[in-house]
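Take a look at the structures listed below.
Here come two complexes built around chain A, the first alongside chain B, the second alongside chain C.
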Partner chain A sequence: MWGWLFGRLARAAGVAWLITSLVFIVSRQLPGGPDQLVVADLSELGRPVAADQSVASQQAARLAVRRRLGLELPVFYVTHRANQWYWHGPANQYHRWAVAVLHGDLGRSYRDGQPVGALLWQALRFTLPLAASAAGLAAGLALGLGLYLARRPGSPGARLLVGLLNGLQITPLFLVALGLLLLFANPDLLNLLPAAVQTPTEDGGQLLAYWLGRAALPLVSLVLAVLPELTLPLAAALRHEATTGYATTARAKGLPLGQVLRRHALPNALLPLLTTLTDLLPALVAGTVVVEVLFAFPGSGRLLAEAAAAHDYPLVVAGVLLTALARLLGLLLADILYFLIDPRLRPS
Partner chain B sequence: MMSSGSFSLRTRPVAGLALGWLLLLLIVGLLAPWLPLSPTTPDLLLVAAPPATGSGHYLGTDALGRDVLAGLVAGAQRLVLLTLPAVALATLLGTLAGAAAGFWGNQRLRLPIAAGGWVLVAAWWGLRLPGTAFLCILLGIATALTLLTWRVARHPAARRRYTCALPLDSLVLGIITLLGSVPRLLLLVALAAGPPLTTGQLLALLTLLAWPETARLVRGQMHWVRAQPFIEAAQASGLPMSRIWWRHALPHACRPLLAFGPLSLAGLVGLESSLAFLGIGQGPDVVSWGSQLASVRHDTTAWWAAVFPGLALLLTLLALQKLAVLASPATNK
Partner chain C sequence: MNYFWLGSLLTLLVSACSAPPAKQASSPITIRWSRDPSTLDPLALPNPSAIDAANLLHMALLATDFQANKYAPALAQTLPQVRVLADSLTALDYELRQAATWDDGRPVLATDVDFTLKLLHCPGLPNEGNRAQYGFIREVRLDPVNPRRFTLVCRGRGEEIMIASGDFPILPESALDPAHTLRYLPLAKLQAWPAARPPAPAVAALVQRYRQANLAREPSHLPGCGPYRLTAWDTNHQLRFRRKAHWWADKVQSAPPVLQARPQELVFAVLPDDDATALALRRHEIDVYPQVPARIFQQLQASPKARAEFAFYSQPSYDILTAGFNTRRPILRDKRVRQALSCLFDPAGLSTATQLGQGRRTVGLLPPGSPFYNDSLSLPSLAPDRAMTLLRQAGWQRRADGHWWQPGATHPLALSVRYRTEETTFATTALQFQAAAARIGITVTLLPAESSALTTALQAGDFDVYVRLLKGSPLGFNFATFLHSSTIGNGNLTGFSTPLTDHLLLAIPAEGDARRKRLLLRRLQVVLRDEMPLLPLFYLPTRLVVNRQLQHVVPSGLKPGYALTALSWSDAATPLANSQ
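And then the complex of A and B:
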């Protein structure tokens, strides 16, 4: 068991490292990549371009920016130029980045020079509560709706609900969120939950109420995004369990259908749902990117989207690394949970 | 599946509507270059004009003065010329990879050892590594190995000794795990974070993100097909494995794709419009439904600039879902 666990952990770390390296290298090898874009942005931002500034001094300024960001080095260990291979040894961007990450330093943002780790941590303080409460709320709702759908499969209410969930499943999250924004946070229509209010300065209850109001619509969007994937398989599993022998026996003994489903069928139907729960995390992470941009919520998703739009590469790469690690650890956790719940699946 | 079309369409009007909408999109998308509409030229005299004002803008203009109808047509064109080819490519790639991995597994595809030498030679030459003399020596060794093992490797008893197994299944599964370790939207955002992508680059990116799902589905189906008696019968009759794979196993493994194809397309349409909505990796002059929807955030009073593209997107996705239900084996029994 421990050997298996160690192997899985090592593999998860390897996969996360590989995908991050892939993003790192591909992004920097694209023609006209961040190299030139960032330098162009920064040298224009850094100092006002005077009309009489010579080409040479502009080039000097760009070179200084490149050197400060470490972009003057080659990207990888080897480069291929004019039918020749060049070996650079450890003096390349990838090696420096890898060594820094292994020392726990994720680099500095290109835009404002702040450490990436601090920026991400600051944003995660908003995103983690949002995503966690969305996951909890969605799981609870899915349980209730799944039980309802299994109890009355053919009723008009159930049919309407299934139709709605099917439609919701295929709709991209940004469309749902945009609809909510235009309906409920629109000064011209219904301004129930204003998306733009001044932040109250004093601490305490007022601040809490303010953030609850800010987070309400993002939360609803995220719950709606993951609800169909949770509810529909659960309802199907429950309906399947209701046709099994033990459920018939329980019914024959006189238990009402609702109680049979809740007490006897639900524990068995929940087991295959564990896999769905591991898919919940990526859906939520991708969801926060869209939702936080749309509702101007200062979380990690918005940070990553803005970093990507501004070619702020250290931030994007760190975000990918963090997400991949979280996802792979989530998968591992699901496997461990499987083994704890169902001993037949344990690796021998 | 569509052979009983006229009868089933009369009994199922919703399915007819869905197919009609998709056909309309296809035709409009293909004819877009010849339509007298320009999605990027703003009409600065009529900014955020409401629909049907007799000004020539039948669906109004958005906050930048761009015609909404022209934007819808441009979005349809993007769907037909970008997302559809991406799904086709991804389906092809995913089917081949998944079917090969499911059929041959880790052990069953055995290549002669000499093939390794040829791969090395090809890689050496392709990467233009230094050392022409070494390349010649490698070429000689590979040729000698091939000649030596050519006759022997055909003999069943010697096959194990002179061949090595290609771990095809582990390879494909590894790549699928790698690409699946980060949510698709996040990976797309990260890879598109550079300069505005050309259509070709975006096509390649979307294909890269879409093929693992198809591959996983086909691989699972191939596992089932491979256990069927007719494969064993074909093997017993002495057909070569590659022919069994291509002629007998692959058509059966492709069956679930009929229902999965529309869903895959719907997923990519959603992904592409999400990226356009976030405005990452695209030039400001590219108009699609996603970028049209993003424009409403500047001016929420111009609801028509968001409602029409949103409706078009929603209708397309629902129609694709309906198509998937129609094409799935359960409804056609």
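And then the complex of A and C:
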């Protein structure tokens, strides 16, 4: 078992590294770049310098930006130009980045020169609790609703619930979040929850209460967004399990349907739910951009989206690395949970 | 403890439902920013939020007077005296204000200006944009008698040189270079320093100290001479600035508007979404909402409650919505084709559709209120019949299939339009052009792109027509950067140039006489209208919504759209009379 686990971990790390390396190399091939953003746009009127000087100095400035950020080096060990391959040795951007990452240094942001690790951690402090709470709450709700739908299939309540869940599933997240915002933070309707009120200057309880209030609507948005994809398959699996031989036997022995579902059918029906839940793990790292933008939540989704728009490669690449690791660890976690729930699946 | 948190949460919810509290004079003013400044390094201010913040922490020689929409002396006692030294050299004589001091009480001196200009050219610092912008200042001559007097020797001539020479934050030499090591290194030598050569030891040491100061995140590590201090910065959430109790300009008799700092505390809330911002405004979580989109502005104005609580301002900015034609394309080389295509844009309709009809139409690259505006030209308008006439004059014929063909051509007349995706005004303009062109048989393909991809495509000449903003200003007339032949492929995206326009473009900024400058500018507008490399559609409006309890609101067409430090809370919460 341990050998299998270490093998999977090593494979996950290798795949994450490969994905990140690809993103690293591809990002350097994109049009534009940080130098384009640092140097001002020449189409701005009222610039005082003579035209010829302006162009020359702009080009020199862009070159200086690339030099300062280390972008003047070749991207990889080899490059292909004019039908010929060139070997650059370790004097390339990828080598420097890889050595730094292996030493625990994710680099510095191009925009403000701050360590990428610190920037990511700062944003994850908001995103992790939000996304983890949403995942936990949604899983709990899905269990309850799934059992209810399996117990009372075809009842008016179940039909209404399925209709609502289907409606939610086809509604884009931004629409759900905007609807909640317009409903619960609107002076013309229900002015209940804060949209963007200032952070209290005091620490402690007041600050915690402030963030709980601020997180309420984003949390509900996320829960509503994932609830259908957790609940509907679980309900379907439970209904299927309820028709199997062991469930019929249990019922024939006098066990109520609710207990049959909870004690016997649920462990078998949980497997698809676990896969969907572990699929949510990358969102814990990458954040949920839509919700963070709409509710002005300073999380990692916004950080990475803005970094991508600003060609802040070190931050983007670090975000991809963490997201890929979370994704692969999520898959590994799903496998381990499968083994725990169903011993027949364990590796021999 | 749990009950305490629950109580705090309930208090927060209840307070959210209750009426907004009356504001005291010392209450913070909360302003919406659409994005975080990312960095507050005075050498690298990459976005409007960063520039706003830097203007609170630091001061420049000159600053924008939003009431007059012109530059006014800030650290400088007066506007500089201009002396022409040679054909291409100008001397600007400055004197700093006697009262100007740093936070540590030291006076702001000419040596600080000299030091700042050298810092702007030190290799290894994030100052590349500044090097390009201020490379025209070649030398700083210090007055041997008066430590506050100095002369900037600049390359070039004209009013624009004077304005730009005072438009950078002055930094303290004593904090960053206490041993004055940079004084012995001439500015011109730093500017001409070869990129491959290692920096001088003094420069390397200074760069090291500057990096260690981490001014990007910790601006308090450097004494400033601006009116505010940064007290808190939660990335992507909010920034707080508190006014200095004893700011040097408080001692200036009858301080001009640029030296006024009324708010005791300023809070900038980073709210990226406009709908959420409108709700935050309605809930009095923010007090000032600048750069309001037309749709939100209209919705707020439609609400009687919002009208009672907020004052609404709208006025033309200096940003021009422009369509440009790639004159390097064979089909667009003929000016009659460009003129014909320009007749397919509907500036009036577009202004109504995208800007509530508040866009200010123009004949050229100057605002209609400017004394240099050529009012003898007619405003561009939608004229499909004239477009067809012009196409026929250019040798195009409309065939039975409805498309336009040139003799011997293998393809009919068809074009692509590139524009930035994020802004609906661009998309609407491109769609309107596409529809008008389709009506007369011209196929137009729309190619929206992300900002940097668009810039790359435009600079590579990979477009037929573009729609974009020209960011303008009433403070300068250097159009050479995007119309001169020497800037083709860089600023000059259309690839257009003629000897006449090249001459006019270089003569205008150098001309000191107002009457002759007016003639040159009017002539340029006529030539550009005839050649039609680009079509200015209209000046975009800038919209501002503020809490009615705020007074001294000075809306402006210049960024950020109002005078930030002029604002203050009125004692009586009576609505202001001057709202529009």
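FYI, the second predicted complex is superposed on the first by the 300 of 348 C-alpha atoms of A that agree within 3 Å, B and C clash if a C-alpha of one lies under 4 Å from a C-alpha of the other, contacts with A are read in each partner's own complex, and residues count from 1 in each chain.
Quick note on the criterion: a contact is a pair of C-beta atoms (placed from the backbone, for glycine too) under 8 Å apart; a residue touches a chain by one contact, two chains touch by 3 or more.
Small disclaimer: the values here were computed from a predicted structure and weren't measured.
Of the two partner chains placed around the shared chain by superposition, chain B and chain C are both touched by A:L178. Applying the stated contact rule after C-alpha superposition, one finds that A:N186 touches each of chain B and chain C.
In the superposition on chain A, A:S27 makes contact with chain B only, not with chain C.
By the touch criterion defined above, A:P256 reaches neither chain B nor chain C. When both complexes are overlaid on chain A, the residue A:Y313 reaches chain B alone and has no touch with chain C. Here chain B and chain C are compared by how many residues of chain A each touches, and C touches more. Once chain A of one complex is fitted onto chain A of the other, the partner contacts of A:Y210 are limited to chain C, with no touch recorded for chain B.
When both complexes are overlaid on chain A, the residue A:V293 reaches chain B and chain C alike. In the superposition on chain A, A:A283 contacts chain B only, with no contact to chain C. Using the contact criterion defined above for the overlaid structures, shared-chain residue A:R67 touches chain C, although it does not reach chain B. Comparing the two interfaces of chain A, the one with chain B and the one with chain C have residues 30-33, 37, 178, 182, 186-188, 293-294, 309, 311 in common.
Across the complex, chain A is touched by residues 1, 4-5, 8-9, 11-13, 16-17, 28, 30, 35-36, 38-39, 41, 44, 46, 123-126, 128-129, 131-133, 135-136, 155-156, 158, 160-161, 163-165, 195, 211, 214, 216-217, 232, 234-238, 267, 269-273, 275-277, 279-280, 282-283, 285-286, 303, 305, 318, 365, 450-453, 455-457, 468, 470-482, 484, 486-487, 490-491, 493, 505-506, 509 of chain C. Against chain C, in their complex, chain A makes its touches with residues 30-33, 35-55, 57-65, 67-68, 111-114, 119, 122-123, 178, 181-182, 185-188, 191-199, 201, 205-206, 208-210, 212-213, 293-296, 298, 302-303, 306, 309-311. Residue ranges on chain A touching chain B, taken from their complex, read 15-16, 18-19, 22-23, 26-27, 30-34, 37, 80, 83-85, 166-167, 170-175, 178-179, 182, 186-188, 282-283, 285-286, 289-290, 293-294, 304-305, 307-309, 311, 313, 316-317, 319-320, 323-324, 327-328. The touching residues of chain B, when paired with chain A in their complex, are 127-130, 177-179, 181-187, 189-195, 201, 263, 266, 270-271, 273-274, 277-281, 290, 293, 296-297, 300-301, 303, 306, 310, 313-314, 317-318, 320-321.
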